[in-house]
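Please read the structure below before turning to the comments.
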Amino acid sequence: MPRETPPQRPWIRVTLTTSIVAILLCLILISLSIGVIETSLADLFSQAADGEGLLLLSRLPRTLATLLAGASLAVAGFILQTLVQNRFVEPATVGTADSAALGLIGVSIVLPDAGIFSKMLVGSLAAFVGALGFLALVKRLPRTQPLLVPLCGIFYGGVISSVATFLAYENDLMQYIGIWMNGEFSGVLQGRYELLWASGLIALAGYAYADKFTIAGLGRDTASGLGLNYSQTIHLGLAIVAMVTAFTVITVGMLPFVGLVVPNIVSRFVGDNSRKVLPLVALVGGTFVLGSDILGRVLRFPYEIPAGAIFGVIGTFVFLWLLLARPSRA
Amino acid sequence: MPDKRLIFLFLSALAACLAFMLVGARGSWDFLLVFRGTKLLTLIAISVAVAVATILFQTLSANRILTPSIMGLDALYVLLQTILVFVLGGAGLASLSAEVKFLASFLLLMFASVLLFGVLLNRQREDLFRLLLIGVIFGILFRSVSALISRLIDPSEFMILQGELFASFNKTNTSLLAISALMIGLCCIVVWRRRRVLDVMALGRETAIGLGVDTGRELFIGLVIVSALVATSTALVGPVGFFGLLVSALAYELMKTSGHGPVFIAAALISITIIVGGQTLFERVLHMGATLSVVIEFLGGITFLLIVFRKYKA
Amino acid sequence: MIDIQNVTYHHGRSLILDDVSLRLKKGGITALVGPNGAGKSTLFALMARLLPLQSGSIRFDEMEVGKTGTQSLARKLAILRQEANVASRITVRDLVGFGRFPHHQGRASEADEAFVQKSLHEFDLASIADRFIDELSGGQRQRALVAMAFAQDTDYLLLDEPLNNLDMYFARSLMQQLRALADAYGKTIVIVLHEINYASGHADEIIALKQGRVALQAPPESFMTAENLFAIYGMDVQVETFGNRKIALHQV
């Protein structure tokens, strides 16, 4: 990867965390209070029956969904970057999301009546295989060219996605591609987003293994030397990334660049110690995505702009800035 | 005595064109000739445009992986069109003729690309992968900004935009054929006359300067031509994705030389064969008209990975 | 005559060349020596307009770099870069042929073809003329590049470490060829050398660059002293006289 470690100044992390929490709380309140049906915050929290119904049925689920999706994608991005030892990779740019979509298309063609659970399973499995394939590709690239990794990832993803598009086109499933690949939270209602809790839990599990992922990222030899079961750890990490990606794709659609931008920004401020960084990564991820969602809701009120479209623009800007601002060691 | 390979390529392009005109032809020839003929001309025009633009761009950037599309140039054209709709509004745009809109977008594209790539190619050319990644991300940025702006546009005006932008190999936009053909023809003449200077440019910047080539000027002329070709081909059939990469890789593989004369001809003929032949196959034989671009996307992506892995093994 | 006046060059903030002024007379071989990073390649790049001048001026006879059209300069001087790599996949014959480009702008005449043929022979490349550049050994490629610079048929030749990758035989024969060119055609050849004894044995004059400054400019007899070499390279070297040449025993 190697991220440079800024001087250890604990107060930075504390101040940063506090201010992000404060921003997040504000955003949550805003998110709960805006929408086509006007409600004041007071209404939401009063006992008025429709206010409560709206809150529980739609506003709260939507807010939670954005937070969960943002946080778990950011964590997944961090894990992937650690495993691949490259700061420019994330599920949407290395074909993991496209593989998940391909799996979902496949299962929709073969078993049109499959339940959500089996779809999930196939989607996650496909994402996992896709991630394994990417890792196999990366191994064959020279380590001296770190930028080749995201580049090949993008093209690898493009190849997979063209297969998915082809299948979808020939089977009249194109609208799904649109839904899965474009993250959007307007359809989130109670009962339609709960899978994201699972995604959040999985990301949390990633936290427990954070140190092991860091060691595995150093390569098979180093990791084995330190007594780590290398392939098991890699597979576990990829499984976490794959599941988070697949769950997000199927519930709200893919949000590209969250997993890339957030860890990079956070590590600029607080360095790379994964234990310390990961909670902040999750927090910032949730905040960014919630912010984009709110922006999408107010920018062209009463129409909505998908959070994915907003974040796509912000994310690419940040990515370009990362590329242009740094000297050629990625 | 032309090269045997070029003769073979010419025959295959010719066969593709004949097949396009003849396969499944039913009904009045007067109608068919006009209808299919126009479409065939459009496909040939963009084939040539994409082939020439790609080879030229690769020479200017001194490598064989970059293409205007990969570097986001056609996405930039789409973005400029979107911005035009956004600024002028659907009504304002409807009052302009297709030619005026096209020329406006082309001039903007030329300006933007000379600015963008002039700087990028001058500054970052030693670091190919950084340049490439920056280009790819710029492409994604242009696409996402277009998507965002098109969401901001009134839905009814968005319909106008869609009509303008959603051309494809399958549904070509023939209203601009005459002006496009003219423009592509002009570009080809200019490029052909400069082919020997391009050979020198391909040796690398320092060698070219040493041999007395004004590389800054050549870069500028080249970028203007690439912009013109990309603008025309995007206006006619929309973004072409990896198609250019596929064509240039095949042309260089087949010709085994860097001489721009034969390579330009080979690339144009290969391009015609793939697009016209592919369209005949997919539309008339397999009845899967809309999926040719997806298949090209697939093949182009694989080509990219193959080139990279062959050249940069760990 | 090459006339370099007050050339200073910065890379970002670091000073690479510090007020370099030099005069090289027309005809003959001048060797440019100095430790790695002294600024020799940078000076060459400025002389050959590969880098823009920041201050000072450089002239080849009546032609001032930066004020003369790049095409005319290409007929006045040829340069071989230190890390010359050829981006395109071409044969040795084509590569050498490009050396004639400044003269014919792409339309080679028979005289041009003949000159290419002569260059190929001159540098022992006739047998590999139709091989591709990327299939050659480092030394063969180096000779092809020198032949290309020769084919440019200019009054001035700037060669940056042309002996790289050459074996003993070709290194000496290249130096002898350059000597012959200088003597027979009156060419002015400036050549960056790391092996000081080639400079001593073949050059008319030696210039030492150190940390971006001219440290010494002298004919070989007076240049080759233990004190001078110590001042330039910071190492103790014994200098012996063999016949009419001075040889530094620095390998041991």
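General remarks:
So that you can tell them apart, the chains are marked A, B and C in the order they are listed, and the count of residues begins at 1 in each.
Keep in mind that, in the parts below, a residue touches a chain if its C-beta (ideal position, glycine included) is under 8 Å from a C-beta of that chain, and two chains touch if they have at least 3 such contacts.
Bear in mind the structure is a predicted one, so any value in this text is a computation, not a measurement.
If the chains shown are joined wherever they touch, the resulting network is a simple chain of contacts running from one end to the other without closing. With centres taken as mean CA coordinates, the chain nearest to the overall protein centre is B. Taking each chain's centre as the mean of its C-alpha atoms, the one that lies farthest from the centre of subunit B is C. The mean-CA centres of subunit A and subunit B are about 34 angstrom from one another, to the nearest whole unit.
Centre-to-centre separation between subunit A and subunit C, using Cα means, comes to 56 Å.
Inter-chain centre distance (subunit B to subunit C, centres taken as mean C-alpha positions): 42 Å. Among all residues of subunit C, none touch two or more other chains. Shared contact sites, meaning residues of subunit A that touch two or more other chains, are absent. Against subunit A, the residues of subunit B that register as touching in their complex are 127, 129-130, 132-134, 136-138, 140-141, 144-145, 147-148, 151-152, 242, 288, 290-291, 294-295, 297-298, 301-302, 304-305, 308-309, 312-314.
Within the complex, the subunit B residues that touch subunit C are 62-63, 195-197, 199-200, 202-204, 206-207, 209-214, 252, 256-259.
Across the complex, subunit C meets subunit B through its residues 45, 48-50, 70-75, 78-79, 81, 84-90, 94-95, 98-99, 101-102, 105-107, 152. Contacts from subunit A toward subunit B in the complex involve residues 88, 137, 139-143, 145, 147-148, 150-152, 154-156, 158-159, 162-163, 165-166, 169-170, 299-300, 303, 305-306, 309-310, 312-313, 316-317, 319-320, 323-324, 328.
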